[in-house]
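Each structure below appears as structure tokens.
In what follows, subunit A forms one complex with subunit B and a second complex with subunit C.
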Partner chain A sequence: MKDWRYWLAEQRGTLLAFGIFIVMFVIYTSNHPAGFTANVVQTASNKGVLLAFIAMAQTLVVITAGIDLSIGMIFTLTNCLASWLVIGTGIETAFGVVAVLGTGLLCGAINGAIVIYGRLQPIVATIATGAVYFGIALLLRPFPGGSVNEDLADALTGRLFGVVPASLVVLLAVVLLVWVPFSRSVLGRAAYAAGSSEMAAYMSGVPIRRGKFAAYALAGLLAAIGGLFLTFFTYTGDAAYASGNAYTLFSIAAVVLGGVSLFGGKGSAIGAIFGALAFRTIGDLLFVFDFDPLWQPLFQGVILLIAVSLGAFALFRVRNRLEWFL
Partner chain B sequence: MDGAVPLFRMEGISKRYGGVRALEKAELSVTPGSIHAILGENGAGKSTLIKVMAGVVAPDEGRMMLDGSEVTFASPAAANQAGIVCIFQELSLVPELSVADNIVIADPPQRFGMIDRKAQRRIAEEALARAGAADIHPLALVKDLPLSRRQMVEIAKALARKPRILILDEATSALTAADVAKIFGVLKRLRSEGLALLYISHRMNEIAELADQCTVFRNGGNVASYAAGSKTDNEVVELMIGREYSHIFPPKPVRAQADAAPVLEARKLSWTDRLDNVSLTVGAGEVVGLGGLDGQGQRELLLAFFGVLRGLSGQILIDGKPVAIASPTAARDDRIGMALIPEDRKTEGLMLPMTVRENLSFAALDRLSRAGVIDRAAEQRLIDDMVGLLAIKTAGLDIPVAALSGGNQQKVVIAKWLMRQPRIILLNDPTRGIDVGTKQELYQLMRKLADQGAAILFYSTDYDELIGCCDRVLVLYDGAVKRELVGAEITERALIASALNIHGDDTSLKQGADA
Partner chain C sequence: MSETTIGDIAGRMPKFIRRADPAVLTAFACIVLLLFVGSLYSRSFLSPEYLLQQLKVASFLGVIATGMMLVILLGQIDLSVPWSVAVGAMMACAAAAYGSAGVALAIPFGIFCGVLIGIVNGIGVAYLRIPSMIITLATNAVAQGLMVVYTGGFSPQDSATGAMRYLATGFAIPGLPNAVIIWALIGAVMVFVLTRTGFGRAVYGIGNRERAAYLSGIDTRRVVMIAFAVSGGLSAFGGVLLAGYASKAAQSMGDAYLLPSIAAVVLGGTSILGGRGSYLGTVAGVILITLLQSILSVMQMPEAGRQIIYGVVIVAMLLLYGRAPASR
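This part shows the complex of A and B:
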């Protein structure tokens, strides 16, 4: 086989997610009353990048064959923290941003330490830490409120050169600065190896623990970037339980849509980003068709089910039934 | 030996697992530039010894000396660092990563903190070429490769680490004859380059060809060391099993009526490009072997009978009547009464974390239960019978089956199916990686079952087994039956010749590139 065919096989999930997103987005913009304008793209991307950051975060953990159910709560906690700290002069704002990102990193590191060194199941461990993070968020913001450096907020949620949504540019920068180095580093490879076969990885002398720890910690960092952006959009902090949980569940949906295997070892954050964007677009489709918003969860669920089933079509072609279980 | 300085020495190594002692004051010296074979039954302590050397298991007592100074290894990585690399019997490849990723996995080449993919590709290609496996594409995912190719990747991976001591634990058990020949060439070259090689194999002919020195292990200790070739095979086997060694294979009965109605019959079975018009019959009381190089469709043929393959063309007949077998559940149904002893006991045969008892009764639960409730007394009776019949050595029925030795695990797989009293038994290379004693027991069992009227279809990669066990052997090549050998025609020469398809009516040898 030629090299490109191996590449194609590896990127299948990502390309499928990209395809779904493009189809959905074309349907969306072509039926939008305003059409394909910079404004429509800006609004869509601002909504999409929030979930995209959370989905990227979830991807890192899922690759290690784990799952992070606290991810939405880290997102909520950092949102509340940002509504206190990311304010004031340039220096103060910069310090606030660093503190918020550092908090996310710490939350992720705590998850990683508990799962890896405490040997707890990721599901149990992150449900517990998620509750703790939400508790802290609630203490920080018993009621919605606070404020944010609006100059920074407007710059990062606006448009560059009048056309390109700034939030997309930030997303791209995060991909290049966090995901690409991670996925190509020894730690990233260790995370993949641990997710695919932890025993084989251990026997091969792979730094499994460091790889997994890095994945959990960076997931916290990415969730914090998401929390920061939420603050930029809303100008406030809000310890909203339902919203935090919804982001956790949606991140898992986006990850699956993006071709990342929940069994670990396979998939990429790029796929998850397109999964997230596609998922968001599906949610917004109803509005352009003027349906009652009550229909949104049902509609979103059905589309998600169909999209996920696409990935299972390959099973019909299986001629050796043992391959079902691989 | 003759004054050569040992590169590595183990002294008084002991290791206990609970009440079981795996190693008891074991000693071993390794000299550079030689191939040292380690022999012994499963459970003799070879695997534990290797694990101690490779840093997987910490010994309870004893010491290890490398270059004359004492060392301890906290992890496999530490042992690798010291130049000790082990190719484990249980593959240590990561399935979702590519071949190249796996080859450099312990220490990938880096540029600016990121993995240098070009350098990685180059290292992988070099290592594959050194292992004589240049046909494997470095970008292929390991999970897409057949077992024999994976084993070659494993060897390439070990070579890429530039070891001083290379340990091969049953490394050739999944390989085709052509690969084994290549690997032997590689190992001999490594020896001349001054490496120390430890070679563990159950195949005496391999040891005879390769080894300079042999050490026999029994009951956790080394019982004898000798220069290769100074003892006969019989003497060696006696040292290993510690008892008188007579015939490995039970005598074959003289078959009175060779034309008895077949129990299992295939007519022109074809499936994708792996099976090509296979027709065969297996009669009651007959042991029919499947020979040929590994991967010529033998496995697929067994799976076809067992209802695993979809889109099969041709006919399967049971007792002369055509049947459609849609799943393993249908295959094991009493009307057909088929059992398949799978190739990979760890994934297809056993549920490793579950107990011996649960594993034994899985296949027969429907027979042991009334209205969905398991009859515990009946279950216990049947299990006791099986444990007795197969002499399964286990500390108890309620320990995880993973705690058993490989040979005993395989007995559990077989016992599980015998609990259904199958009439047709398909065996897919059942003796891979198990010890001589257990092998011998299995040969005897197989003949006993045949004498009781079972029809047995037996695939083996070991020609000796086919010669010793089978009434007839069908040799497959490229998915088709190329030759049938009956009775005295089953010789090593005939098997090898027809496996390579260089002998026989069909002279149109397949040539050219692989698909």
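This part shows the complex of A and C:
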């Protein structure tokens, strides 16, 4: 196979997610009353970026053939923590940001340690740790409240040079600083290999444990960046169970839309980002078409159902019926 | 003087202990421990009334966990429990608004709606080969969307029928709540199906290796679909009972049952990878979870502390006996 065709085959999921996003976004902006203006793009990107961070976090874990059902709760916890710490003078704010990110990293590392060294199934283990993280969030913020350094918040949710949404720039920076180095490092390859075939990876001497651990820990870090951004948008911390859960579910949806295989070893965080942006845009489509907001959950659900059913087309290519069963 | 090995000790124990799963034994030991801790805290903890009340509360979770166990035995998972529960409750209450025929058909209609959700899940998992975690998440979202549209975003105004209230809170046998009897009946049927029928064997077989089950002539896809339909129906039935207990349905009534039902099944020694587990373990897991929640609320622990302890206890117990074997 030629190089470019191999690349195309490898990136098919990412490109598909990109395509879906572009189509949805064009429909969205062309029907938006204000049209394609910097303001519309800024609002859309601010909403999309939140889910994009969570989707990236979920991707890292899903690549190792695991799943992190506590991701939304880490997001909620770091949101509550940020509403206490990211405030005050420049140095205090900087310290707060570092503390919040460190907390996320720690939460992810705990998940990783329990799953890898405790040898528990990721589904159950992260459900349980999610309950713990939510409990801590509730301790920090029994009632919604708190505040954040508004200069920093406005700078990161505003626009650069009056055109480019700052949140998109941060997203790009995180991709370049976290995802690219990770996916190209030994640990990143180990994470892919562990998801693809753990036994084969082990036999070839790949450091699968360290790779998986790094994936879980970085997932916590990315979720914390998401939580930080949520605080920047809302200026408050809120330990909301429903919203934490919803983000966990949406992250899985975004990952699937982004062409990341839940069986592990396949896909990229870039795809998941476009999956997240597409998912958000689809949800917002209803508003530009003036539907009753009541229909939004149903609409999102149906889109999700259709999106996941599309994968079934691969069945038509199966020649041996035994390949139905993985 | 002979050296005592573990095998010797096990050999001297009565037969029923030797045959029991260590996970189930640990779960029951934890129940005893919880009761002991509870009795230190309050004298009334060991009173028959209190224990019966706990058993009644446990039976709602028990009905839901029964369906969840069937699905987990297949190596799948059903994340559509929250809104299957809510759909069952809301649709049963909604049917009650349509005259006497509606009242009579309220319970079957609620269960029927849950079965429909389960069938969509089953078709997705069995025939379209979509990972169960995703398709059940999607049907959960769709069910939520349908209910939000139906209720207009508020708690529905219809209330539970007399029959639903009787099933959840009545006493057909004096001293024994009806809900417990229902759980016992469903449990007995489940045990019979799992251990004495071809369907049960097929469930265990598929959980171990679906290819092998398929090659030995089992219509694995049909079995998987039926299991999901049963799970959906039982979740909805749990919702019907809950609606009878609270005498109305509510938007997020099912949210509190997803994690506990999974936790109960897994704490009861059923492997989340499928193919291994007994119903007795699930019973133990359900009682364990209910007692834990009850003790925490008796201690007037705030919600935050309850969540933390709940999560820590589940992780700790799983580390005790739910660990995967060390590879290699």
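In this text, the second predicted complex is superposed on the first by the 310 of 326 C-alpha atoms of A that agree within 3 Å, B and C clash if a C-alpha of one lies under 4 Å from a C-alpha of the other, contacts with A are read in each partner's own complex, and residues count from 1 in each chain.
Following the convention adopted for this analysis, a contact is a pair of C-beta atoms (placed from the backbone, for glycine too) under 8 Å apart; a residue touches a chain by one contact, two chains touch by 3 or more.
Just so you know, these numbers come straight off a predicted model, no measurement behind them.
When the two structures are aligned on the shared chain, A:Y202 is found in touch with subunit B and with subunit C.
Once the two complexes are laid over each other on the shared chain, residue contacts for A:F21 go to neither subunit B nor subunit C. Touch criterion met: A:T129 reaches subunit C, while subunit B stays clear of it. Of the two partner chains placed around the shared chain by superposition, subunit B is the only one that A:D3 touches, whereas subunit C remains out of contact. Once the two complexes are laid over each other on the shared chain, residue contacts for A:L322 go to subunit B and to subunit C alike. By the touch criterion defined above, A:F232 reaches neither subunit B nor subunit C. By the touch criterion defined above, A:Y216 lies against neither subunit B nor subunit C after alignment on the C-alpha atoms of chain A.
By the touch criterion stated above, A:Y192 is placed in contact with subunit B alone, subunit C being left untouched. One of subunit B and subunit C touches more residues of subunit A, and that partner is C. Looking at the shared chain after the overlay, A:W295 reaches subunit C, while subunit B stays out of its contact range. Shared contact residues of subunit A with subunit B and subunit C: 199, 202, 321-322.
Only residues 56, 75-77, 80, 88, 91-98, 101-102, 105-106, 108, 110, 113-115, 117, 137, 139-141, 143, 157, 271-272, 300, 303, 307-311, 327, 348 of subunit B touch subunit A when the two sit together in their complex.
Across the complex, subunit C is touched by residues 67, 114, 118-121, 123-125, 127-139, 142, 198-199, 202, 241-242, 245, 249, 252-253, 256, 262-263, 294-302, 304-305, 308-309, 311-312, 315, 321-322, 324-325 of subunit A. Of all the residues in subunit C, the ones that touch subunit A in their complex are 77, 124, 128-131, 133-135, 137-146, 148-149, 152-153, 210-211, 214-215, 220, 252, 255, 259, 262-263, 266, 272-273, 302-312, 314-315, 318-319, 322-328.
Residues 1, 3, 6-7, 9-10, 181, 184-186, 189, 192-193, 195-197, 199-207, 261, 264-266, 318-322, 326 of subunit A touch subunit B in their complex.
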